[in-house]
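In what follows, chain A forms one complex with chain B and a second complex with chain C.
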Partner chain A sequence: MRGRYLPVAAFAGLIVAIQMATHFTGSGYHLTQLTMSAYYSLLAIGLCLLVGYAGQISLGHAGFFAIGGYITALLTTHDLSSRAGGASRWLAKAGILSFRIDLYGGELLTVHPWVACLVAVLATVGIAYAVGGPVLKLKGHYLAMATLGFGVIIYRIVLGTEFLGAADGISEVPPFAILPGLEVSGKAALRVPNYYLAWGLVIAGMVLLLNLIHSREGRALSSIHGAEDAAEAMGIPTARYKLSAFALSAAFAGLAGVLLTHYNGGIGPSEASVMKSVRYVAIVAIGGMANLWGTLLMSLLLNYLSLRGYFGTYDDAVFGAILILIMLFAPGGLLRRDLLEEVRDVFRGNGEKAS
Partner chain B sequence: MNPDLFFQYVVAGITYGTIYAVVAIGFNIIYNATGIINFAQGEFVMLGGMTAVTLSRFLPLPVAILGAVAVTTVIGAVIDILFIRWLRGPSVLRMIIITIGVSILVREAALHVWGESVRALPYFTGTSVTSIKMGNVYISPQVLWVVGVSAVAVVALSAFFNYTMLGRQMRACAANRDAARLCGISAKNMVTLSFMLSAGIGAIGGAVVCPITYVQYDSGTPLAIKGFTVAILGGIGNSAAAVGAGMILGILESFSIWVLPAAYKEVISISLLLLILFIRPSGIFGSAEEARLKEF
Partner chain C sequence: MKLLSVRGVSKRFGGLQALEDVSFDVPQGAIKALIGPNGAGKTTLFNLISGFLRPDQGSVVFGGTEVLGLAPHQIAARGMARTFQQIRLFPRMTVLENILVGRHLHSRGGFLACMLNLPFTRKEERGIRETGSEILDFLGLSGQADAEAVHLPYGQQRMVELGRALACEPRILLLDEPAAGLNIRETAEMGRLISRIRGRNVTVLLVEHDMSLVMDISDDIVVLSYGQKIAEDKAHAIQKDPEVIRVYLGEGDA
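For the complex of A and B:
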């Protein structure tokens, strides 16, 4: 038990150390990208459960991220005050709708972010269940193509739909006041609390997933990855477990989408693009597939570097190259002790151990 | 709807359907040789179009197209030699991710070489408004070029597989790799050859269709998904059925504009893909029995 939480504590220490370092060097602006990369990491660790542990590839997770983000963006920006009848006044009193002042001083009546967040995450999970049911019956190339297809459908819908802002996306999404004095927003004054909030959520997600993979359910998922027929023969309801893992990873993606949308104050169709989905898979792959910590650390590093613009115009190419290099030379990921041995194995020609 | 408009839609559908069929045949060639679905298949079509446009600036059109096909074929071989040939018994997941990575690299390379601008070859005969009147239907000569050239390519390909030694060796490899190797056929060379053929036929399709559809660095991915839809619809590995399936998808897409705005055209074809995968993954022309024996 203690062994499991030691890395969690160490990681929390790392997060604090990074904040301290930016504080003392006066480079607090780095925290903005680090907060954003926390939300992408939330998606990445969820995907790690699905791809790494359950062995089900998804090339459509940016779709779930976008579903979460777009629903919250739509609900919190769509003005209902023109339709303010008795029902909406009652809803406002119950806290489901809330009034706020827009940029030009007009009064807006929109859905409260808490409610929007809840609806968004529930909708994401609902869609994941609906799509996952038939999709997860597929294997190999078919599963990859079907999830890719799902991702492209979501991308085309958000890109082609007028009230979702088409190519511009939805902007002016209000801050998400989680507690009095603590809101998810990109305001410079709230940089530090937002940074801790985001990474706190990631750590909570990690604890959840770490417990899950070491539980009966987690072992069942690993057995599905190893040999699905054998798992089925042992009495594991494989279809149900795969679907639950899919829905849980979609919930992580949806929540990440909701929070990052409030943090950035908007969302655009590029968040739903195939390249984003591939990028998340690349992060899981370089982290070592069935390796939550590897995925988390690589996500922190790569998302941060990418968001700071270190890869310049080669951003997508870098992720493509990483994907190929890892899969060619180290299909077990980078953060392992026996890495060199495996690379040697690949060259000797028996490198199929790790995947 | 009057019958003339109806036929006009059918002609548009056949044009696009031809290209989808060409992409699907490209998928099938590599699948038959290796059991891999090459996710970079659409990129070959894009490369064919882009290279032809560039070469046509200083070469006569037919030479430029042949040059583009040659260049793409070489790229196909290079991809196999660099990323696939030397792996031993790689898992399906690994191959999927590698070919996706390749497609990203090709696309990004195209972005850096050609930029984001949309390009096109000139119409092979006449201009974009030239048309041949058939009854009450107007057909652009380029449509005939697309269908004609693709048909010749497909016939040539099937002649190659049926009547040449090399083609038969490839089929032997597809049928039973170990037995073929025992007969002295180099399976690895056959895989490289399959990548070359697949790249070549994709490039031909890309070059003939780009006067109509235009070509851009990222036009490969949608083509790959639709080509895959067609390959599945026809039953994977079955190239004759892919032609019929290509027509079905092309025409369906062309008529979908009635029901939904053009922006959702892709949603229709991908929903069809999902539907086939869920209901009948062996394809409408394939046998379910046979599909169960394949790897996935």
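For the complex of A and C:
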């Protein structure tokens, strides 16, 4: 129990240390990319549960991210004031709709961000159930292809729909006031609180997932990975568990999409692209597959480097290359649980290991 | 009282009649063995009983209810546990964790409760682990609790699989060739273990090739040949059955 939360404290320390470092070196602008990395990490750790632990590949998770992001963007920017009847006045009073002033001083009546967030995440989960039901009957490459197909469909829909801004996406998404005085937005003045809010959410997500993998439900998921028939023989309804893991990881993706959209003030079709899905799977793979901490650290590092532009025009290629190299040379992932042990074995000089 | 009742079960794979009109009962508390030459349909029968295959005809009544057509996990929930001829341990899990999965049916915390680590799931987890270490003691594998299960010697892997099935606290335990691939010492050990299982109030149905093991531990024996039941009797009587000697025992001993 202690051992489970010690790394959480250490990671929280790292997050504080990074913020301190940017503060004292006067490079606070790095926090913007680090905050964005946090939201991508939220998706990555959810995907880690599905791919690494339950052993079900998904090449469509950018689709879930985009569904969450686009729904909240649409709901919080679509002006309903022209249709202001009795119903919308009642909805405004109930706090479901809210008035705000747009950039040009006009008054907008839109869905309140809290409501939009809730609708977006629930819709993402609903779609995950609808898609996952039939698709998760497939295994291995077939599942990869089917989820890839889902990702492509979502990408083409957001790219081709005028209503969703087509290639431009949706902009002018308002800040999301989570608590009074604490809003998800990209304003420079709010950079530090947003950084802590984002990573605080990631840490909360990590605690939830760490609890899950160390429980009966986590063991049930891991048992499906590799010996599905034996899991059934233990009384585990494998189809239901796979679907639950799929929906849970989609919820993480949807929430990440919602929050990053409010943070960036908009969302575009590139967030739904297949290369994004490949990137997320590459992060889980290099993080060690069934390794939440490895996935989180790799996500922090690689997303940050990518967002700072270190990979230049080869951005997507870097993640594609990572995936190829991992699959070729370390299909179990790079940061494996037993990696330290193996390194120790080498130094002890006993290389032989039963396998 | 009969716990399991197999009635007129038939299964055809393409042109091969794997099982034809097989019927037998397993009484509560018995150790019953299924024997027969390779390809006699023993594993097919196991897969039918445990829900991994559906028969073309027949019925399987377990604990008074028809279980045919139920999914394997539903049959498991009614109190049937099984092992596999090809060992199916969970990879990337320790010996203890493998056994803990066997407690699934005896715990109830859902996704949300487990994610929040609620007091009742913590209490439940302690109970799961207590039973887990008790079973490791029973198997004599306490020292290997934290070893990765699939890296154990073969004989111990068989024992972990047995322990995992025992953790389900089944009413009936189906063992598919529990001594396959074991040496003489390990086979004797496995035989002792299976006999001790009876003390845990578990009925056993096993498929086995090792005749000395079968004769040692079983009360009744069903003999299958080419998908048909050719004999069913007490262990000592089967040894003298001329038909059985002709199709099966005779093969090796002639």
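Please note the rule applied: the second predicted complex is superposed on the first by the 335 of 355 C-alpha atoms of A that agree within 3 Å, B and C clash if a C-alpha of one lies under 4 Å from a C-alpha of the other, contacts with A are read in each partner's own complex, and residues count from 1 in each chain.
Note that in this section a contact is a pair of C-beta atoms (placed from the backbone, for glycine too) under 8 Å apart; a residue touches a chain by one contact, two chains touch by 3 or more.
Quantities reported herein were computed from a predicted structural model and do not represent experimental measurements.
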Partner chain(s) touched by A:327 [first = chain B, second = chain C, both, neither]: first
### Message
Once chain A of both complexes is superposed, is A:248 in touch with chain B (first), chain C (second), both, or neither?
### Response
second
Exercise for the section: For A:139, decide between first (touching chain B), second (touching chain C), both and neither. Expected result: first
| said: Under the stated touch criterion, which partner chain does A:281 make contact with: chain B (first), chain C (second), both, or neither? | reply: first
Quick one: is A:158 in contact with chain B, with chain C, with both, or with neither? Answer first, second, both or neither. neither
Comparing chain B and chain C in the superposed model, the one touching more of chain A is B
Taking the superposition on A as described, I'd like to know which of chain B and chain C A:302 touches: first, second, both or neither. neither
Task: Touched partner set for A:317, first chain B, second chain C, both or neither - done: first
Touching A:223 in the superposition: chain B (first), chain C (second), both, neither? second
Check: chain A residues flagged as touching chain B and also chain C 355
Contacts from chain C onto chain A in the complex sit at residues 50, 52, 71-73, 76-77, 81-82, 84, 88-93, 97, 100-105, 107, 109-111, 114-117, 121, 124-125, 128, 148, 151, 164-165, 168
The chain A residues in contact with chain C across the complex are 208-209, 211-212, 215-220, 222-223, 225-227, 229-238, 244, 248, 290, 337-338, 353-355
Listed in rising order, the residues of chain B that touch chain A in the complex are 37, 39, 83, 86-94, 96-98, 100-105, 107-109, 112, 221-222, 225, 228, 232, 261, 263-264, 266-267, 270-271, 273-274, 277-278, 281, 295-296
Residue positions on chain A within touch of chain B in the complex are 55, 57, 59, 134-135, 137-142, 144-146, 148-150, 152-153, 156-157, 159-161, 274-275, 278, 281-282, 285, 313-314, 316-317, 319-321, 323-324, 327-328, 331, 349-352, 355
